[in-house]
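Here the chain labels run A, B and C in written order, and each chain numbers its own residues starting at 1.
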């Protein structure tokens, strides 16, 4: 019964479905690029918003996203890499380790809006940081922590055990071994993971909704206790709550495009770094 | 020092449960948890406020169900194609596309849904507005597909080569082998992938908030507007007075969300681990 | 004390390594049963026996490399130059400087040839570039690799052939100036020609270092060692001068193994 014809039919169907997805992605990107590109010029990227965002530029939003990302990375990276080193090199197969791993998996599954609530409850209210870059960064850091830990641990595990053994047999201490013979080779994987995490953080709206974001703040922040604009939030408000939605459509597309370029640029950068280092340290 | 770093994960989880619970707890006293089982969500009213989360649960459920109806066939079949049938060159192109899709921020997809998808749905079905459960579901499936595809693909790739070879050696065709041997063997992994996808969909906020119409009603009609739990929190938190009953109710929704996604995630990971796959 | 027979045999030698009633456990499984043996200084002692008999495990107790295995447990003593290395407070790092190890599968670091050999001395504090260069040269000469790599010390070590990589690992181990060299089947992954070179090397190194070598290749043991210890299922069956083990084994098990009846 398995005639070649019906087989080819199914084969073709599978292929069509898969490529439908590709086409969809292409269409989405195409749409945003086509409609956003005309808006992109130097004034847009470096100017301040006017008329409640209907015209002008989005510099404060870009700056805000930039500061948030910076804040997030400076907290999440050391914590994430430290956790990964502990889990990969020092931890025993005990109960404590299992609890940590469960915690990481849990964190990875928490919805972004719940992180927003958490950030509100802990950082904004309890610690009284208020709606600020500090609160937003800390919240985002919690969110990307699992991503960084998982990626870093994988990078560490990829380093062959033989290096550690040889180094120990030569009389190096455990920390020396890690520092000189494991970390250097896992660095690229860790960087890749961190950049991917950062990309996510840059594009998230829900966590910053309640902890930092402001819509019309036409000046740059002075301290980490300030509120800021941010690209994702700006896009959201422009798209849903601006009274003159049709009129600001170009601004919406421009913002969307900038955000998209930022996030995709980071992803591509991460992939590029990973490929480059893979060649350098082949083993 | 490293132990300290590693413990932060545990600390954060505990804190999340703690602080969500802390802000939600007063609700258990007044008006009491049973108020959540009301069938209407009218948190601001001159008459009587109603805090029933059933409409919101219904909204989340409807949207999730519809989304999975779209996601599952596309993802599983797509994963089968990529893992089993695509040539290596094709794979090199397909996989980055999927990764790109995965990294598009949800607000951008929501924007796309609002501006392109909703009008399409509106004209296709001849409605007043394209903001309804269906539009939301389509958008959500776009977001869930990368997750489900990549984990399903891993599951398919983990099936030992010997099974495939044995099947082919018995004279089965490639397609027969795929559907009778490989897919069944990878089924636990695929199921886990779907569960993780569901978790992702339930937890999504921005995209749904922008396209589902935000009407808190209980309905099974995909063309009706609905309100999800996530959208409710995001939309109403901004204007709610701190410490009010409404505020606490929103945190209660947060707790429900947390528990649901937590449960789904744990079960999904267990399935993955039990059937021998690293995650 | 090691048993009377051994004592008599080793009378004329300085005993550098002694194990007394050594029991070793991986978790609940006992892998070594009451091993008591002495290995003389500046001689080559071979440990032979079928796979799984514990010879590699025993080797690794001599520089405490088993410590990194979770669940590993040691009872008994291992004395090196008279001091029990399992006593509380032993500086394991210093121990491993004194007792070097070469592994079965060569594992050079993905660094340059120079950096590989200089790694040990660097870790232990030598910073002066000229000193390091001198040490690297000396070690590579001793390992019989100098002539082949002296013009490309900065090349990546992974570009060397299998036999060269193993000799590099030997040079690397020698660079920290150990007293004792432990070798775990050093030639088993090499082609016959490289194997012969490594065996020649062992002969040359013997005058400078105490060598303990694990091998599953009996002919190799016969060629290369002065003393041989035969292990079976975690116990030491026989210990004697190599010539005697192979021409006149005292225990039936030893004879069976040597004549190939099992193994």
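The rule is short, and it goes like this: a contact is a pair of C-beta atoms (placed from the backbone, for glycine too) under 8 Å apart; a residue touches a chain by one contact, two chains touch by 3 or more.
What you see is a predicted model, and the numbers here were worked out from it, not measured in a lab.
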item	value
Chains touching both subunit A and subunit B, listed by label	none
Nearest-to-centre chain - CA centroid comparison	A
Two chains sharing the most contacts, counting C-beta pairs only	A-B
Of all other chains, the one whose Cα centre sits farthest from subunit C	B
Chain centre separation (subunit A, subunit B; CA means) in Å	19
Whole-Å gap separating subunit B and subunit C, where each centre is the average of the chain's CA atoms	57
CA centroid of subunit A to CA centroid of subunit C, Å	50
Where subunit B touches two or more other chains, by residue	none
Sites on subunit A touched by subunit B in the complex	2, 7, 10-11, 13-15, 17-18, 20-22, 24-26, 28-29, 31-32, 78-79, 81-83, 85-87, 90-91, 99-100, 102-118, 120-122, 125-126, 142, 145-146, 149, 196, 199-200, 202-206, 209-210, 232-233, 235-236, 239-240, 249, 252, 256, 259-260, 263-264, 267, 271
Subunit B to subunit A touching residues, read off their complex	1-10, 12-13, 15-16, 19-20, 22-23, 73-74, 77-78, 80-82, 85-86, 93-94, 96-101, 103-112, 114-116, 142, 145, 149, 173, 175-176, 196, 199, 202-206, 209-210, 230, 233-234, 237-238, 242, 250-251, 254, 257-258, 261-262, 264-266, 269, 279
Subunit C to subunit A touching residues, read off their complex	63, 65, 68, 70, 93-97, 100-101, 103, 105, 107-110, 119-120, 123-124, 158, 169, 172-173, 176
Sites on subunit A touched by subunit C in the complex	92-93, 160, 162-163, 165-173, 176, 180-181, 185, 281-283
